[in-house]
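Common to both upcoming complexes is subunit A, partnered first by subunit B, then by subunit C.
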Partner chain A sequence: MKCTRRNFLKLAGAGVLTLTLGQLGINIDEAMAYAGKLKIEGAKEVVTICPFCSVCCQVIAYVRDGKLVSTEGDPDHPVNEGALCAKGAALFTMYTSDHRLTKPLYRAPHSDKWEEKDWDWTLNQIARRVKDARDKDMILKNEAGQTVNRLESIFMMGTSHASNEECAVIHQAMRSLGVVHMDHQARV
Partner chain B sequence: MTNHWIDIKNADAVLIMGSNAAEHHPVGFKWVMRAKDNGAVIMHVDPKFSRTSARCDFHVPLRSGTDIAFLGGMINYILENKCYFKEYVLNYTNASFVVGKKYGFDNGLFSGYDAAARSYNQSAWAFETDERGAPVRDFTLSHERCVFNLMKKHYSRYTLENVSATTGVSRENLLKVYKAFCATGKPDKAGTILYALGWTQHTVGVQNIRASALIQLLLGNIGVAGGGINALRGEPNVQGSTDHALLYHTLPGYIALPLAQWQTLAEFNKANTPVTALKNSANWWGNRPKYFASLLKGWFGDAATPENDFCYGLLPKGEKGEDYSYMYVMDKMLHDKMKGGFVFGVNPMNSFPNTNKMRAALDHLDWLVCAELHHSETSDNWRRPGVDPKTKKTEVFLLPSAHRVEKEGTISNSGRWLQWFDKAVEPGGQARNFADIFVPLINKLREMYAAEGGALPEALLKQNWPARYDAEEWARRINGFFWADTKVGDKTYKRGQLVPAFGNLKDDGSTSSLNWLYCGSFTEEEGNKSKKRDLSQTPMQAAIGLYPNWSWCWPVNRRILYNRASVDINGKPYNPAKAVIQWDGSKWVGDVPDGPWAPQADQEKGKLAFIMTTNGYAQLYGPGLKDGPFPEHYEPAEPPVERHPFSGQLRSPVYKFHSSELDKFARAADPDYPIVLTTYSMTEHWCGGGETRNVPNLLEAEPQLYIEMSRELAREKGIKNGDGVIVESPRGRVEAIAMVTIRLRPFTVMGKTVHLVGMPFAYGWTTPNCGDSTNRLTVTAYDPNTTIPEAKACCVNIRKADKLTEIL
Partner chain C sequence: MPKSFLIDTTRCTACRGCQVACKEWHDHPANVTKQRGTHQNPPDLNPYNFKVVRFREHLGADGQVIWNFFPEQCRHCVTPVCVDVADMTVPGAMVHDRATGAVLVTEKSAKLSAEDAQAVIDACPYNIPRYDPATGRLTKCDMCIDRVANGMAPMCVKTCPTGAMYFGERAEVLETARKRLEAVKADFPKARLVDADDVNVIYLLAEEPEHYHDFVAFAQR
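What follows is the complex of A and B.
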C-alpha cells in the first residue's frame, strides 16, 4: 500500500489507541464497540470539493447506508493539505439543513403563497412559457435585414456554482433558444 | 491566476491589493504564509486593516478607488529609478514598438475621444507599421513615440506628491511598498500580485489590472515561479463558468459572440482571426477557426457540415456595441422589455448594486424560474417587506437544486486545475442538479417544436442533444471527439474516439470540442485526467511545487502561463533555483512550455515568448481596451473630491451607467454624502449569504449587518460601538450596527479629511432580523470594458438610528 499522509495518520491513530489503553491493561472491547458505531467507521470515502471559493479545497465525504455521516478536508490534496475554513467545516450541516428546498414550488400571479408541484408539471409549464415567448419574440432579421435569430425577451443568470459540464449544458441550451441575455457572477 | 495557489510560496515579495485573502481564501492564504516563512516580504494595500493585514509585514491604507494612482506611482518609481529588468522588457514586451502619430494624451483624455458617444475611436492608438504590416520597432528605445518613452512620459505625472494627495497614503508608506516590491526586478527574484473584486468592482476595474500588468512586465515577473498576476477567484467555479462562457459576449473558449455584421462563418473568421507579419510570432489565436468549427460540430453534430457553415447561421447574432449583460437585463426589465428568465444559483436581489431598483425591476417580469438550495431574496421578491403580494404579477417557479456532495463533475480552481468530484449521496428530497433541469426542459421543447412547429425550430431540432444527462459524457463532449477516422502520427483514431489535444482540432468538421481549452483533459490513452491523484514530480518540478500529475490544468496541463518568459532567449532559466522550464538543447523540461518550439533566439524554429498576442510580445501598451492604451487615474462615479492632480478629467470619460428614475448619483464632493463606502464579504458567509445565513452555526458566528467606522468618524457623528446606524446614499437606506474600530482611519485627500466606512453584503430580509441588502446603497455605474458594477466605492452618509426595524 502506498503510504499517503492520510493512511499514515489512520495507522498511527489506530496504533496509539491500542498501545496506550491496551498496555494499561484496560479492557477496551466495549469502548471499541462504541467507537465502532461512531462517525466514519465502515463508511465509504468519496472525494468531493468544497462548494465555496475557488481554492476548491478537496473534501472527503463519508457515506454509510447512502447517508452522509461526515465531511473533512482531504489531507492528500497538495493545495489544502486537509485544511478547511469555517464554511468548509460547515459542509455537513449545510447538507443536512432542514431549511433546504425539497420540492418544486409554484407561486401564481398575485398569489401570496407557494404551492408544491411535481417536476413534470413544472417543466411542462416552463417549457410552454419559453415556447410562447420564443415564438412571439424571436427576431429572425434585424432592421438592416441581416439574419440574427435572436430572442431578447428571455434571459439567463447564473451560475458559477455549476460544474463545467452543467455550464456546457446551460450555454448550449440558451444559444439553441436564441438567448443573448446571459450572464453570471463573473460580472459582479 | 497566471500561476497557481502553491506557487505563491515561491515569491520573494507578495503584494496583496484589492483582496482580503486571509478572510476570503483562508486556506489558499497558507501559501502566502509559506512565502513569508521562506523570507518573502508580504504587503497589504487596502482601505481597511483586516485579517490579511494582520499577517503581513505591513499594511498600507489606501482610499478606495485610487489604485491606479498608487500603481501609476510605482510605474513611475520603476522607470525613474531604473528598477526594470531591461533584457526582459526588450525581448518580451512591446516597449520597443513605435506608436502611430495619431496617438495623443491631453488633460486626461486620449486621442480619438467622441464626447457625444462617450467612447474612443481606438484606431487613433494604433502602432506604426511597415510596408509588410509589421510593427515598427526601435530596440534602442530612443524613438520618442516608442511605447517605453510614451509610458515614461505618461507616468511622469505620478509623482509621490500627486499620488499621496490622491490616495491618502503617506510618502513613507508609498516608498515602503515601492522599494520592497521593485526589488524583484532582478532576474533571480520574483514578486506576485494577488487581487480580487477589490480591483474589478470599479469603473476603472480592467485598468486596475492592466496597471499591475505593466508593473509585472517591467519587473520581469510574468511567467516565472512566484510571479504573475493572480486573480484570487471568488466563486467556486467562476474560472470554469467563464471558460464555458455563461456570459453574453463570448462562446465557450473565448470565442466572440457572433454579431449581425458577420453573416457567414467566413466573415466571422475573417474578423476574429488575427494575422501577424512577424514570422516568429506564434499568434496562437490564428487557430481560432479550428476551435470554432469544432465547437459548432459539438453543438450540431452530424447536422453541421462544411457546406452549411456548420450551422453557424442558426446561432443568435448580437448587434455591435449592444450590451446584453445583467445590469442591462435589469434595466430592460424595468422598462418592460423582458418577459421571463432563469436565475440559477445567484441572488441578484441581494448582490446586485442599487438593489431597490433591481427589486422593482423584477416585479415587471411575467414569469421567473429560480433554482436554489433555499428561498432567496430573488425567489421571494414578490413578498418582500413593504409590498403587497396581490399587486405583484410575476409567476415564479422555484426549483430545488442539488448540493455539491449530491452531484458529480468537474470544477476549475483559481489556478485552472480541473478537478473531478464524485457524487457522495442522492440529492435531498426531489432536488436536481442544474443539468437535470435543462436537459429535460430542452427535450420537452424539442418535442413541442417537432409536433407544433414555431419560430426557427431547426435551431433546437438540429442540436446534438442527449436524452438524459450524464456528467462524464459531457466531460467527453467538452474534450471533443473525432467525427471521421483520423491519423495522428502513427495512430489512427476512429470516429467517436476522443481527441488527444487541441493541436489536433480541425476546421473541416472532422473534430468536435465544446471548449478547445479543455481538449486533452479526457483522452483514450489516459482517461479522465481530472481524477488524477498522483503527487509525483521531478526534482525540478518539486523545487517549485508544480504537481503536474495531480488533476489536470488548462491549457495542456501548463501550470504557469507565459512560462517562455521565465527563461532568456536561449532557454536558460533566469532563476535556476526556481526554474519553470529549461531548454536542454533539443526539448523543454519542467512545466509544459508555452508551445513546443525552440527558444526565441533560434531564428528558424524559435518563437516569441507571448504566444497569445498577435505579434508575440506582452503589451505594456494595449490599444484594444475601451478606456485607453495606458491606465490613467480617474475618480469613482461618486467622487468624494471635486478634483485630482492628474488631469482635469475627474471621472473616466467612458464609464457606463444607467439613468432611469431609480438610478441616482451623488455629486462630486457632495456635502449630503461625504463618506466613502466600500463593501466586502467575510469568511463565515458566502457572498450574498443565501446559503450560509441558513446554516445556524455560521449565522451564529456572524449574526448581523454591521458598519465599520473609525473612532474619529464615530466621535464626529455621536455614534458608539454597538449603536444602531442608518446609512444612506441617493439610492437607498440601510440599517446596520456600528463597529467602531481602529482598523479604519480617516484619509487626508487633497488637503481635506475623507472618511471611509465598510460594510459586508451578506445579509438579506429572508433571514429574519439580521439586516437587509447593503447593495441598496451601491451604484449602477460600470467598467466600460466589462460592465462590472462599482460596488467598492460610492458615497453615503451615516447617522445614529433612533430605532431599528431591519435588525432586532
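What follows is the complex of A and C.
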C-alpha cells in the first residue's frame, strides 16, 4: 500500500492494538497487500440460526448496505462454538445462488415444462385441489363402523427449513384435514 | 514465528464443511458434479476448489473396510520450492510471507508462460497448484491471508465441527501435534505426523500415507 502522510497518521492513530508494520507500508513482504482486503470489514453482524437441522447452530450473517456479504459460525454460541457442517457452511450461497427458487413454478400433468405462476394462482390451485381431494376421499368410518375421519390421498412432506413452531402449525393443519401420511425431507 | 495448521485425520468425518466454507469465503462458483462412484467430489483440486476432501478405502488385516479421509490443501512449506521456481522466470509471481508463513500466488503469475506455470506445478512435492485458464493465473490455498492478517482463523479451521483442525503459532501447533499423536497411538499404533519439520500444514494420519492419497508425504514423490 502507498504510505501517504494522511494514511500514516490515520493508521498510527488507530492505536497499538491494530498497528502492524504491514499497514504502515514498512513490511518487506508483498503478502500483506493481499491481506488488506477483508470482505466483511465494516459489515454489520446479524446473528441467525442455521435452518437445516435440529442442532440449531448459530450463524453470523455479515450485512453491508442491506446486502449479505458473508456468513460463518458464531464462536460465542454454545451449540456450535463457531463450527458449521457442509450445509451450514453453504448458507451464503443458499441465499445468493441463481438456483434459488424465487417464484412459484408449476408443471402441469404430463407436461415436461415448468411455468412461472403468480402466488394468487398458486395458492388458489392448492386450496382447490386440497378441497377436491378431501371431498372425494375423506373416510369418515372404518369397516367396523368406528369414526376415523381419515384422508389417505394427501401426503405431507416436511422440511428442515421449518422451525419448531412452524412444524406445530403445519402438523395441526394437516391433522385438521384428516391427513395421516406425513414425513420429513431428512428421512426420505 | 509463522503460523501452522494441524489436521488430525483421525477426527475427520469427511463432512466437507472445510471444503464448502473455503469456497464460500473465496466466492468460488459451484463445479459441475457427476456421480463417479465415490463420495469425493470434485475429483481433484481446481481453480474453484483450494481444498478437497479425498476419500480412499482399503481392506484391513481382518478383511474389514478401512475408509480414510484426507482434507487436502497447500502445505505452506517452510521452504517453498514453488516460490523459487516461479521466481526464476517471473519474480513476485509467488511470494512467501515471512510473518505468517503463507505461500501466496499473486496476479503476476498470469505473466508465467504455460510451460513455466507447469514447471511450478510440477515442482510442488504435494501436487497442489492448479492453472486457471480463465485468468491465466496459478491458484491454490492462500491460508485465508486476509483473515489471518486480521486476527481470524482460516475459514476451514473456523468451520470444522469435529475439531480435526487446529491453527496457531507454529511452536504451539507442533506441541499440540505431538500430544495428539501420543493420544491417538493407543487406537492407531501406526499413527504418524507427515513432514512436520518441513511444512506448516501438518497432517496426523492413522496409518501409511499411501492409504490416503498419492501426494500426502514428500517421500511418496
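The rule we apply is simple: the second predicted complex is superposed on the first by the 131 of 188 C-alpha atoms of A that agree within 3 Å, B and C clash if a C-alpha of one lies under 4 Å from a C-alpha of the other, contacts with A are read in each partner's own complex, and residues count from 1 in each chain.
Keep this in mind: a contact is a pair of C-beta atoms (placed from the backbone, for glycine too) under 8 Å apart; a residue touches a chain by one contact, two chains touch by 3 or more.
Worth saying up front: this structure is predicted, and the values here are computed from it rather than measured.
Of the two partner chains, subunit C is the only one touched by A:72; subunit B is not. Of the two partner chains, subunit B is the only one touched by A:123; subunit C is not. Judged by the touch definition given at the top, the superposed model places A:140 against subunit B, while subunit C stays out of reach.
Using the contact criterion defined above for the overlaid structures, shared-chain residue A:166 touches subunit B, although it does not reach subunit C. Once the two complexes are overlaid on the shared chain, A:88 sits against subunit B and subunit C alike. Of the two partner chains placed around the shared chain by superposition, subunit B and subunit C are both touched by A:80. Judged by the number of subunit A residues each one touches, B leads among subunit B and subunit C.
When the two complexes are overlaid on their common chain A, residue A:38 makes contact with subunit C while staying clear of subunit B. Once the two complexes are overlaid on chain A, the subunit A residues touched by subunit B in the first and by subunit C in the second are 71, 73, 80, 83-86, 88, 90, 93, 97.
Every residue of subunit A that touches subunit B in the complex is listed here, in rising order: 46-58, 61, 63, 66-68, 71, 73, 76-81, 83-88, 90-91, 93-95, 97, 99-112, 114, 119, 122-131, 133-138, 140, 142, 144, 146-173, 175-188. Looking at the complex, you find that subunit A touches subunit C at residues 20, 22, 27-32, 34-39, 41, 70-73, 75, 80, 82-86, 88-90, 92-93, 97. Residues 15-17, 19-21, 23-25, 30, 92, 95-100, 102, 104, 106, 142, 145-150, 155, 158-161 of subunit C are the ones touching subunit A in the complex.
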